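The following pair of complexes shares a single chain, chain A, combined with chain B in the former and chain C in the latter.
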Partner chain A sequence: MISVPHYLAVGAILFCLGLVGFLARRNLIVMFLSAELMLQGVALNFVAFSRYHGNLHGQVFTLFVIAVAACEAGIALALFLMLYRRKRSLDVSLWQSLREPGVDETTDPEPLPPGPKEEPLPRLPPAGVEPVREERQYV
Partner chain B sequence: MSDFGALLWLIPALPLLGAVLAALFGATRGLKDWAHAPVVLTAALSCACAIAVAARLAGSTDPVTFAKSSNPDDRLHWFSVDSGTARLAADFVLSADHLAGTMLLAVTFIGFWIVVFSVGYMKGSPGFARYFAIVSLFLASMTLLVLADNFLLLFAGWEGVGLCSYLLVGYWHHKPSASDAARKAFLVTRLGDVGLIVGMFLLWLMAGRESMDYDEIFSVAAQMLADHPVMFPAACLLVLCGAVGKSAQIPLYVWLPDAMEGPTPVSALIHAATMVTAGVYLLARCAPLFVVVPGVQLTVATIGAATALLAAFIALTQHDLKRVLAYSTVSQIGFMFLAVGCAGPAVPALAVTAAIFHLFTHAFFKAVLFLSSGSVMHAMHDVIDMREFGGLRKVLPVTHWTFLAGALALAGIPLFSGFWSKDMILEATLEAGHAARFGSAYLVLFGIALATALMTAFYTFRAYYRTFWGELRMPEGAHPNEPWVMTLPLIVLGVGAVFAGILAEPFTHWFSNFLTTSPHLVRVSSGQTMDHHLNWPLMLASSAAALIGVGIAHYLYKSRPGAAEKIAEAAPTPYYLSLNKLYVDEIYTLLFVQPLELLAGMCRLVEAVVYDLARLIAMVPYYAGRGFRWAQNGLVQFYALAMVLMVAGLLGYFVLFAK
Partner chain C sequence: MAESPDPLSWTVLLPVVAGGLAVWYLLPSTQRRSLQYGILIGLLALAGVAGFLLRGLEDHVSQTVEAVLFFGFSGLAIVFAVLMITNRNPARSALAFAMVVLSTCGLFLLLAAPFLTAATVVIYAGAIIVTFLFVIMLSQQEGPSNANLRSREPALSTAAGFVLLATFLVGLQRVYDFRSVDRAIAHASALARADKIDPDYLSPAGALDVDNVGKHPPPPLTDKARAFVDEMRAALDRVKVAAPRGPDDRRLTDHRLVQDVENAIKFLEVSGFTYRDEQDVQSNAQTISDGLLRLKGMRDGAPQADDVLLSGYGRVEPINGAPRQLPAANVSAVGRTLFADHLVAVELAGTLLLIATVGAIAIAGTRRERPA
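After this line comes the complex of A and B, so read on.
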């Protein structure tokens, strides 16, 4: 028989995984996914308690959490895109400038290995000009 | 009458337009040096309107009015307050009776010629456009003051001229002495203005809280005195306080001599001919109130006579030509106050006519004296100390003659304008001396006035001989020249100074006939009329006083150079008292300025203590916060970790220890 403590245990595990991921990983997108994981852990608790109490309060909360998380995802990913365009990297430790004046920048004793080489994005030809066609050889 | 009413509002509106145009011209590059053109033009047009209005007044006894209507709803409201029990309306109603018409003529005519003179005098001065804009604004305010039909509109003009006076005294604002003088003039006249506005509202209160109109308030003067035997004289004294401040009488005269820091045409226009006589105009206008309280009238006359004597005494030894003229202005306005103060004991028509007649002739001869001294100053490279120059009659011939004309009139030499008006004042004082109440007091004032007339003649001709006679001496950099734009106004006003008196009054009675047809004066005089006669003994006495004064000056400064210094050595106490202006400025500094400075210093101390206490409290969170500055290092994950640890700690506490 699966009872409330089981659900709570799973929720706590999800939350802790997310927490550790958020604190330990430096990739912005992975940190964001970890935060989502924490949210889902909490949502699971809500649903479990909703079932336990026999009313819908917890489920309503869960719906809210999911909606807010969706909004967050939109904004956060847009911000990450802008940050990436600035520094060509998703490393969170590159963004330390909002600190107290006089406090030194924290440097990483073991810097991350360089990422994979970036592939150039495909480019469209200027509008109104007929693209140069590659003559394909059909056999 | 509607077309004349339209002329009436044009009189202040035209100079206002001129002021705006001059200011706009000054803001452009190309028209900057033509800023005087609109001002000269509008001043001339305004003068023409004033002459037309005066011509219309000469033919009838009714005042010319604009927007005046017995129904308050038909009037032009500036603002109005109506609470059911009290009503206060400031209506834009203009009215020119014969008193206002006389003032208008003097203000616009002399104003126009002084503006013309300024074109030559101010040429090339920085702020040329600013000067003309303010002068034009002054003309607008002054004519508004004169034309107002209620106390509130009068007060608007009153403050307007005060502002222009302040701006023009401080025209050379980079000079500390000029900006100090401007501030002094503004603050001292403000003292009087506070009195005026309080007095105005007291009158409004006593007259039934209905209206600020002259007619409404004046018609119930006797009733007000019966109902409020203490408050009504107090209100009159407060109005007098305003007049004293504006017209530079004891005890508020100290600003006028310092106001000579302004450009000389301004001294001629504002601080001699027009603005400073506004107080006399106010008293003449309020004559219906003052004649019912003889005690207040005696105060007015006493202030006038005392100021006349004191200022003449100071003028005896001043070395600065403009300062001599400034003190003589104070003294002559004292004469006018004396005359106004005789209304009541003497026939009001005679007393008020004497005051306004002296105002009229004084405007001419004092304007020409100031403009002549301006011409001297222009030629002497802005030096005005009489010890620095002398014998200028050869190099400045026109100025010499015009100054002489003004000096003869001011000294009261027979046949010149000042003689006739001063004579009329003496006559009014003598007549008041025969009155049953306060008669002997007025006789004393008559004696003072006669003595002052002698001193006036002496100091005027002292200045004349020292400036224009003796051997030719000039300061460094002097370039004697008299451009026509400056000599023309001098000649016009000089001719006016010589002939304005004899033509207007003693034989033709044009002036008094014109003025006393005013319904205002007819009502004040309650049926009494002034009788025209030439009082030969009095004329002989005043001529003798004038001639003796001139004779002493001639002896001391022309025949026997050096005799004056011997007299000064023989009687050092009066000499130094006079030279140092009776130490009045020092006494005021000791009595008023220094206690106020002490108070300000104490306030500063209190403020410093409070401020530092507040700073001390503000320091606490600052230094407390410094201990945690390291924690804000900009790393997102550090913050997250701190949050997690804190929450974990809090939860742990609740789980383990909280019951």
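After this line comes the complex of A and C, so read on.
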């Protein structure tokens, strides 16, 4: 029978995956998504215990968690917009001047791998102008 | 305590270690790694977790629609969660998070929370994901970037997360694995119903002298009797949390059960299983078996004599000792609980939403770009 510990295990897995994502990723948006993932794991715990105890307070608590998460999302996304306007990047390491005193600066020794080569866009003439024919193309 | 067949919990630790390796391998890094190995280890870890959920907590999970749906939804949630934290493209991460939310909503439905399911789908998969995609669209970058292609201390952060996960899962297994209690109940019940008590239990020193209980030391227990008493003690220790004594003996109604079982074990231990006739020993074994069974039922959610309640709205009374069920009319019951028990919290949440709106507008509302 599927009972509470099964749901608790899934909730724990989601929570810890969110924790890893929050600690490891450097994109502000992905970090924030990871925090939301942790909240999902916690919500699963609350609902499982609500079923276990046979009352609805756990579900109501989850509703409040969702409300607080919505507030958090609004504020955080507004903050991300401001940070992006300052530095033109979502990299959280650009803000490491805010770190505690006595902590070494993190640097990136290895260069980034080159991105995929983009194909040049085709050049089109302005509308209404007959394109210049390149004669040798048709030789 | 009975010897555990898996003292180091390898059934839990192996999948957790494999999962940690897979996540560390799949996290963004400047080194070129081929994805196949990470995916392979990840699938192995997933299979290990499924095996833990199937066999690690009880002997077998009955094959019901609920079990199939549970494993489907939780597998989807975990797979998409890993995709979310390892994907190099934040837009794809957001879409994977939407899938995680939808899978979690399936689990909510299995847990009898339809209103919460609808609310989560509307709020998360609707509003929040659209907002995320909007922000991602605003800040779309070209080419490789530090933010997406590098990780911050991937080995350390993966280790931190998965050590925590191992702690959780080992704790779950230690707390919820009731197989030793089941074995103890079976032993006690067999002893109580046997035609004649196995002579290995009987103390060779002869019957207890009733008149001189305090004066002479109790008759020595045989090995088998000692093992029986220890097993019952361990089982009682596992389940007596269900009926705590509480401050100033407020929960005495349920705690009396624990005391009955304790007294029965004590009697068997002191008397060396040889008090007057076999009827007494067997009736005490029956008391132990019944008491353990009821305490275990309480841990599984059977009703107790005095529950702590905020109000009667939040729960439905049990019928004839059956496990408590949530009401079928979920929305009205949630509404009653919300506005009868948690009215202040509702008002506070509303205030919080209002303040958050004002704050978000104040933070992001400036239209003017800063001069570069």
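Please note the rule applied: the second predicted complex is superposed on the first by the 103 of 139 C-alpha atoms of A that agree within 3 Å, B and C clash if a C-alpha of one lies under 4 Å from a C-alpha of the other, contacts with A are read in each partner's own complex, and residues count from 1 in each chain.
Convention: contacts are C-beta pairs under 8 Å (C-beta built on N, C-alpha and C of every residue); 3 or more make two chains touch, one makes a residue touch a chain.
Model, not experiment: these values are computed from the prediction.
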item: Which of chain B and chain C A:Arg86 touches, first, second, both or neither; value: second
item: Which of chain B and chain C A:Cys16 touches, first, second, both or neither; value: second
item: Contacts of A:Ala67 with chain B and chain C, given as first, second, both or neither; value: second
item: Per-residue touch tally on chain A - higher for chain B or for chain C; value: C
item: Partner chain(s) touched by A:Thr107 [first = chain B, second = chain C, both, neither]; value: neither
item: Touched partner set for A:Arg99, first chain B, second chain C, both or neither; value: first
item: First, second, both or neither for A:Ser34, with chain B first and chain C second; value: second
item: Which of chain B and chain C A:Leu56 touches, first, second, both or neither; value: second
item: Contacts on chain A seen with chain B and repeated with chain C across the two complexes; value: 19, 23, 26, 92-93, 106
item: In the complex, chain C residues that touch chain A; value: 23, 27-28, 30-32, 49, 52-53, 57-58, 61-62, 64, 66-67, 70, 74, 77-78, 81-82, 84-85, 90, 93-94, 97, 100-101, 104, 107-108, 110-113, 115-116, 119-120, 123-124, 127-128, 131-132, 135-136, 138-139, 141, 143-154, 156-158, 160-162, 164-165, 168-169, 172, 175-176, 300-301, 309-310, 313-316, 318, 323-327, 333-334, 337-338, 341-342, 345, 349, 352-353, 355-357, 359-361, 363-364, 369-370
item: Residues of chain B that touch chain A when the two form their complex; value: 629-630, 632-638, 640-641, 644
item: Of all residues in chain A, those that touch chain C in their complex; value: 1-10, 12-21, 23-30, 33-34, 36-37, 40, 43-44, 47-48, 50-57, 59-60, 62-64, 66-75, 77-82, 84-86, 89-93, 106, 108, 110-115
item: Chain A residues touching chain B - in the complex, by the definition given at the top; value: 19, 22-23, 26, 31, 92-93, 95-100, 102-103, 105-106
